[in-house]
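Attaching a single structure in structure tokens format; questions to follow.
Here the chain labels run A, B, C, D, E and F in written order, and each chain numbers its own residues starting at 1.
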Amino acid sequence: MKKIEAIIKPFKLDEVKEALTELGVQGMTVTEVKGFGRQKGHKEVYRGAEYVVEFVPKVKIEVVVADALVQRAVDTIVRLAKTGTIGDGKIFVTPIGEAIRIRTGETGEGAL
Amino acid sequence: MGSHTVMRSLVGLTAVLVLLAIPFIGMAQEDGAAPPAEVPAAEAPAEPAAAAPAPTVDTGDTAWVLTSTALVLLMTAPGLALFYGGMVRKKNALGTIMHSFVILCLVSVIWVLWGYTLAFGPDKGGWIGGLDWLGLKGVGGEPNADYAGTIPHQAFMIFQMMFAVITPALITGAFAERMKFSALLLFVVLWSTLVYSPLAHWVWAVGGWVRTMGALDFAGGTVVHISSGAAALAAAIVIGRRRGYGSDSFAPHNLPLTVLGASLLWFGWFGFNAGSAVASGALATSAFVVTNTATAAAALTWMFVEWGYRGKPTVLGAASGAVAGLVAITPASGFVGPISSIWIGIGAGALCYFACIVKGKLGYDDALDVVGVHGIGGTWGALATGLFASKAINSAGADGLFFGNPGQLLIQIKAVLITWVFVFVATYIILKVVDALVGLRVTEEEEKMGLDLGQHHESAYN
Amino acid sequence: MGSHTVMRSLVGLTAVLVLLAIPFIGMAQEDGAAPPAEVPAAEAPAEPAAAAPAPTVDTGDTAWVLTSTALVLLMTAPGLALFYGGMVRKKNALGTIMHSFVILCLVSVIWVLWGYTLAFGPDKGGWIGGLDWLGLKGVGGEPNADYAGTIPHQAFMIFQMMFAVITPALITGAFAERMKFSALLLFVVLWSTLVYSPLAHWVWAVGGWVRTMGALDFAGGTVVHISSGAAALAAAIVIGRRRGYGSDSFAPHNLPLTVLGASLLWFGWFGFNAGSAVASGALATSAFVVTNTATAAAALTWMFVEWGYRGKPTVLGAASGAVAGLVAITPASGFVGPISSIWIGIGAGALCYFACIVKGKLGYDDALDVVGVHGIGGTWGALATGLFASKAINSAGADGLFFGNPGQLLIQIKAVLITWVFVFVATYIILKVVDALVGLRVTEEEEKMGLDLGQHHESAYN
Amino acid sequence: MGSHTVMRSLVGLTAVLVLLAIPFIGMAQEDGAAPPAEVPAAEAPAEPAAAAPAPTVDTGDTAWVLTSTALVLLMTAPGLALFYGGMVRKKNALGTIMHSFVILCLVSVIWVLWGYTLAFGPDKGGWIGGLDWLGLKGVGGEPNADYAGTIPHQAFMIFQMMFAVITPALITGAFAERMKFSALLLFVVLWSTLVYSPLAHWVWAVGGWVRTMGALDFAGGTVVHISSGAAALAAAIVIGRRRGYGSDSFAPHNLPLTVLGASLLWFGWFGFNAGSAVASGALATSAFVVTNTATAAAALTWMFVEWGYRGKPTVLGAASGAVAGLVAITPASGFVGPISSIWIGIGAGALCYFACIVKGKLGYDDALDVVGVHGIGGTWGALATGLFASKAINSAGADGLFFGNPGQLLIQIKAVLITWVFVFVATYIILKVVDALVGLRVTEEEEKMGLDLGQHHESAYN
Amino acid sequence: MKKIEAIIKPFKLDEVKEALTELGVQGMTVTEVKGFGRQKGHKEVYRGAEYVVEFVPKVKIEVVVADALVQRAVDTIVRLAKTGTIGDGKIFVTPIGEAIRIRTGETGEGAL
Amino acid sequence: MKKIEAIIKPFKLDEVKEALTELGVQGMTVTEVKGFGRQKGHKEVYRGAEYVVEFVPKVKIEVVVADALVQRAVDTIVRLAKTGTIGDGKIFVTPIGEAIRIRTGETGEGAL
């Protein structure tokens, strides 16, 4: 089992979710985050004072999948979240020691 | 700790003071209150010209003044409360809103007990009103011909109350996000009594020395706006900058609230200016029209100037410009025509915008630009009254420079200077005294945590 | 499921009922409606004293009453809607706001069709109004001298409508966050018809038995506030506590909305109280002044008491205190002077604060403290009217205990008891009936999910 | 880049245009302005019948019209601003609010300079007003008997101003979330001058050809609502759909703001409709009553219909229904009785609900349903006036079909068609011109980022 | 050391927190997230348009514990967060390389 | 590659971000979280009812860096986020299996 963490542009969320579902992924968890990177933030002006807001709104998808599925899931995300412009985001893959479904107590890949 | 004890005792003190004041004045006065006109006002006109026509209450005028009074109340809360509340950071939203709200409560009581009589009671040498009307003794349903001959005296009193309420509330923008709540209360009690009431007397009361000088101030350019601006300057200097000023982002946390507040200010200001005719008719209408026109022109001007200067027209800019226009037209509203009001609005929009820009360079932290908007806007309005006033609009007024009377401008300049100097100095002293007694500023930890949790144990949003 | 079907049929039922009522009453009546005074009101005074002066419409009085009517509408929506809406959890924000909004709609129609005639129609034995004015038949542009001799009868009717609207809306605070929407609609139809209209008749209509008893209630202390408080107590008991009461946090989700609502209540209440003079003049002005003063005093009192008792002055406390003051001064507003009003405000702030604290110990879950604020505040106000009323303020009123007439206090006590008992019992029965018919409470799942999604398929914020 | 330069120059252009217009009209006119009635209005009735009674200002009528004017201002900002602002996505909240706010400012100035005279100035052949009142020259404190014989001419002028303000503001709902700000400004200047002023002249001015035809429109069913609906249809077609229309969620970001806005619209609409009597009395009262009743009935109808059709009663539905009811009763408000108004409300609630549903099938993206609510609601209201109008309610009006006069319905149909066709075509052309000059739509990137950051460099919430 | 990430129903947060504290856990970090899974979302209706909101509000608890405590912590969460209905959530366990307490610079299990 | 997760006091975010940038870190992701720990929460009072809010607002920084940079990044965060008072927060370091830049498909340290 691996956890795939993808930080993407918010308006890409729905497409990515659909595609992952088609791939057989049964669940995922989404967090609103602020990203800092090569993509410039924006300027805000209030009563003459300018603030440069360097953080850009992003969405973080966390999805734990069986090892067999990792590569295809990553490829799917890359394909759908890509616009080709700076700020498209990153994917990080980390090992997961154990997974448990709270409702049933199932563990391992069966818990996903 | 120590400061906690001090605060507690202060709270007690204030409470006790207010309570003590009541029986002192006594309920006995209620009997003495002039009974409301027995004759239903509406019938009055039916009996024509019986001897010397005692002043009777006009139902239309009274309806307009009561409506106006309610409108001016709305300006303070929720108007100003939200205008300011939306502009601060989330953690100070409630604390900021509370300033306006509690001032509304506090000054309402003060005005009934001693504020009104100090301001409008029978004149003592041009400087202050006598104590004859303490606790509204003798202020009843009969008109007071000195101030408003066709409405109950109490209607004039409570209309004026709302001006006394909003003025200190305006000041709170200067020390937003760092003022201790107990200090605020003490400050308001002192400032209302020692600064507002006297100043209102000088400018508006029969016999007041600035009024006698011939200064024109239809609805409060000096008494309300310059005075809050000058007090704000003193406050910003005495209390010092917010932590993080110049480095952290102080972006407004909720601009829709601010626009809501600004719009309610605009709406309520019709009561402020057109209500200042203390009657319903041509003068009120004229004040209404120029108020709206100047406001619109000022909002557009601020917006366009900022657009040219910064590259984008901002919503906060348009709202701020509208408030600047409302401020500037206030003293002139009963004396100028619609085309003049456009010029006054344009001047206000441009001047106040640059005043807010300049602030950044002068180094004091007038958090919500009370100096830039009310101080500068009020000053421009008072001077503009000396330029654009015309007897063709109000025969009881005077002509300004552009209508052939340069003398009026000089009088206006004098009135402006008097107000700035008196209010700045008096406010400075009061703040130093309050600081010595209870401390003006919240602790560093509370400032970081925000006033909402620190001072009120509440948070605005959950 | 089953309950869904029941609900559907209820919806149908209600809709059909309302629709059926209309043709029954018939449009034919419109012809019969008294045509509005042909003569433009404004010219009326120009022709003096032609024989017995038929009641003419006074433009100033009408302007004030129409303005007041609009102000009282504002109290319910958005005033009360936001005051309550800000105090609940985020997931119930819309559902709570909807209660006030839909009651405004529902009672507006009921009042036109049958509510007004039941309340103010020609008296039947002191208990109820006759059906003569069904569908406003005969309620037109001519003044009705019984109630308001200088404004169109329709103006009095619609001013009263807004009182009929806000009373059930106040009750909704008791069962917030768990009431089924269909049950709410049915409850309001029944309660308005079977409780409000009769009670209004008893207290305010010519011939009403409580009025005949000599009870003073200027603007609705018993009819509106005690009655909503007593109904709230019944409702809190019948519907039971919210899930998680005592363990979960029920912190308000948006206090700026609550302060906005409270401020709009204050603003609108000038229409409520000063409008109850149904004329513009000295009496309206006096009511206006004491309304403001009592409110300010009550807000300060609640704040200081809480400060002493809990260590911090809260914003919700100040806002709640203001509402408590508004409630308490309501019955007294046309009969007392400003100093008395300060005492009434102080009493309201302190009593209602402790009433809200005590609730926690009694175990019922009156979610937004309708009992504590309206029930207790209204009771205090009704009694205080018996203490502080003075004929020097309103010669058509009576003197209270402090002005030498202890009998008035006894009458007030009687009126208070009658209202509490009648409303509590009637409400209890109505709620049991509604529960049996459609069920009062949402399912456990819906309560956890929140009324917004559960009852309306919407969420407040996205 | 290129478009930036164009925009800048446009900004310059507009600013310069407005500024240039002022001296051109000249301040000289102020002298010529009719001086306000010297005699305080209140005393006027005291001198009875001196020769031919010159029109005098009635204080009660003036109080009501000034109050109404303020109420109608409140409808645009904050009313409509928040009603619309709450319905868009978070990233467009400020941009949407700004549309209403800036239109209030822009049209306020235009109306003073040239809009009022084009609309109400001395008639030129039934088509347009002459330029006699440019810059309000000659529009002063004396009543103008043609339009309102008991209030200052300026009061009538500024009351009408608020109608000119809200009409283009209503249109902005159609192109919400994608209109370029500079294009908006240019559009409003052109539309107000070339569409609104002429149309207002045709329908309301003495000599206007639609008025002469005998069409009834008490408070703006055609001039305000059909015209904004027809313009919205043109706008939705010309500007095209929002990106993501049909796939993304466009759920409203803050429904409490929307309900607040809708409630303020309801409150303000009393000024709109009852103020259109331009006097305080029986006619204003009747308009007030039917306005409230129709609104309540429409809100309930929309809610029940949606409940039956979709399974849940929504809060947005109730609020939308209320607005639909307000729209529909507008043209009829001075001519129909309360029972008729219930039918008008029921029709409005049902028709507008289905109009909004149908939109989804027609493919244009009228973002906030201006066509469905104002276009269809206004059309229904104009026709309903031809059905339900009764001389028993207003002898200066006419009878409708149900009161024996089918001819009136035909006239109403004609007026409706004229308005739809004229406004749709004229708006279409204006939008094409604006598109050619500065481009109507923001860039793709800005649309994704939202108008707040893209057009104003601000964000609503921080 | 292991990081336990538990995605649970929001109204279960307080109970879980209490129980973990009793177990000797000294701290945790909580994030509001949106979950997608077997549990259906809800329908929203605006002006006649229907939106199906597939994401359900959830709360993510992150707690880093010494290896010895992992099993008991997981069991505790399962016990308390369970309602037995779909959507009760998941627990994921991942290895932690190092932990540092910023205030003192302590590292390892002592930093928790 | 390692992921550094730092939970810090919100008002320290800007300083930490600046310092990491100077160190050569090109991007990071920030989440608003609520922390529970030794630092006491605060009391809130509503209409007489007292609620103790045990959760304190914190900010979580996630930054994935090349192994060579880990130590310096951690030290930098410790140095800048430290106020010396309770509640300064924690840093957790976890291994990352793979990183992908969505825009280009680059993987490994080059994707950061």
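The working rule: a residue touches a chain if its C-beta (ideal position, glycine included) is under 8 Å from a C-beta of that chain, and two chains touch if they have at least 3 such contacts.
The structure displayed is predicted, hence computed values, not measured ones.
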Q | Those chains which touch chain C and also touch chain A | A | B, D, E, F
Q. Out of B-F and D-E, which chain pair has the most contact pairs?
A. D-E
Q. Hey, what angle do you get rotating chain B onto chain D on C-alpha, to the nearest 5 degrees?
A. 120
(Q) By residue number, over half of the contact pairs should agree; on that basis which option among D-E, B-F or C-E is the same interface as A-B? (A) D-E
Q) Whole-Å distance, chain B centre to chain E centre, using C-alpha means? A) 52
Q.
Between chain A and chain D, what distance separates the C-alpha centroids? Give it in angstrom.
A. 46
Q: With chain centres taken as the means of their Cα atoms, state the distance from chain E to chain F in Å.
A: 18
Q) Where the CA atoms of chain B average out and where those of chain C average out, how many Å apart are those spots? A) 33
Q.
Where in chain C do residues touch at least two different other chains?
A. 45, 48, 58-61, 63-64, 67, 249, 251-252, 254, 280, 310, 312, 314, 316, 457-459
**Q.** Residues within chain F bordering two or more other chains
**A.** 31, 44-46, 94-95
**Q.** Each pair of chains that touches, named by its two labels
**A.** A-B, A-D, A-E, A-F, B-C, B-D, B-F, C-D, C-E, C-F, D-E, E-F
**Q.** Complex interface listing, chain E residues touching chain D
**A.** 44-51, 53
Q.
Show me the residue ranges of chain B that touch chain C in the complex, using the header's touch definition.
A. 8, 11-12, 14-15, 18-19, 22, 25-27, 29-31, 33, 35-38, 40-42, 45-48, 57-64, 66-67, 69-70, 73-74, 77-78, 81-82, 85, 93-95, 97-98, 101-102, 104-106, 108-109, 112, 135-136, 140-142, 151-152, 154-155, 157-158, 161, 181, 254, 257, 280, 452, 455-462
Q. Residues of chain B touching chain D in their complex?
A. 45, 48-49, 53, 58-61, 63-64, 67, 71, 89-90, 149-150, 249, 251-256, 259-260, 263-264, 266-267, 270-271, 274, 279-286, 288-289, 292-293, 295-297, 299-300, 303-304, 307-308, 310-316, 318-319, 322, 336-340, 342-343, 346, 390, 392-395, 402
Q. How about chain C: which of its residues touch chain F in the complex?
A. 249-252, 306, 310, 312, 314, 316-317, 320, 353, 356-357, 360, 369
Q) Residues of chain D touching chain A in their complex? A) 244, 247-248, 448-449, 453, 457-459
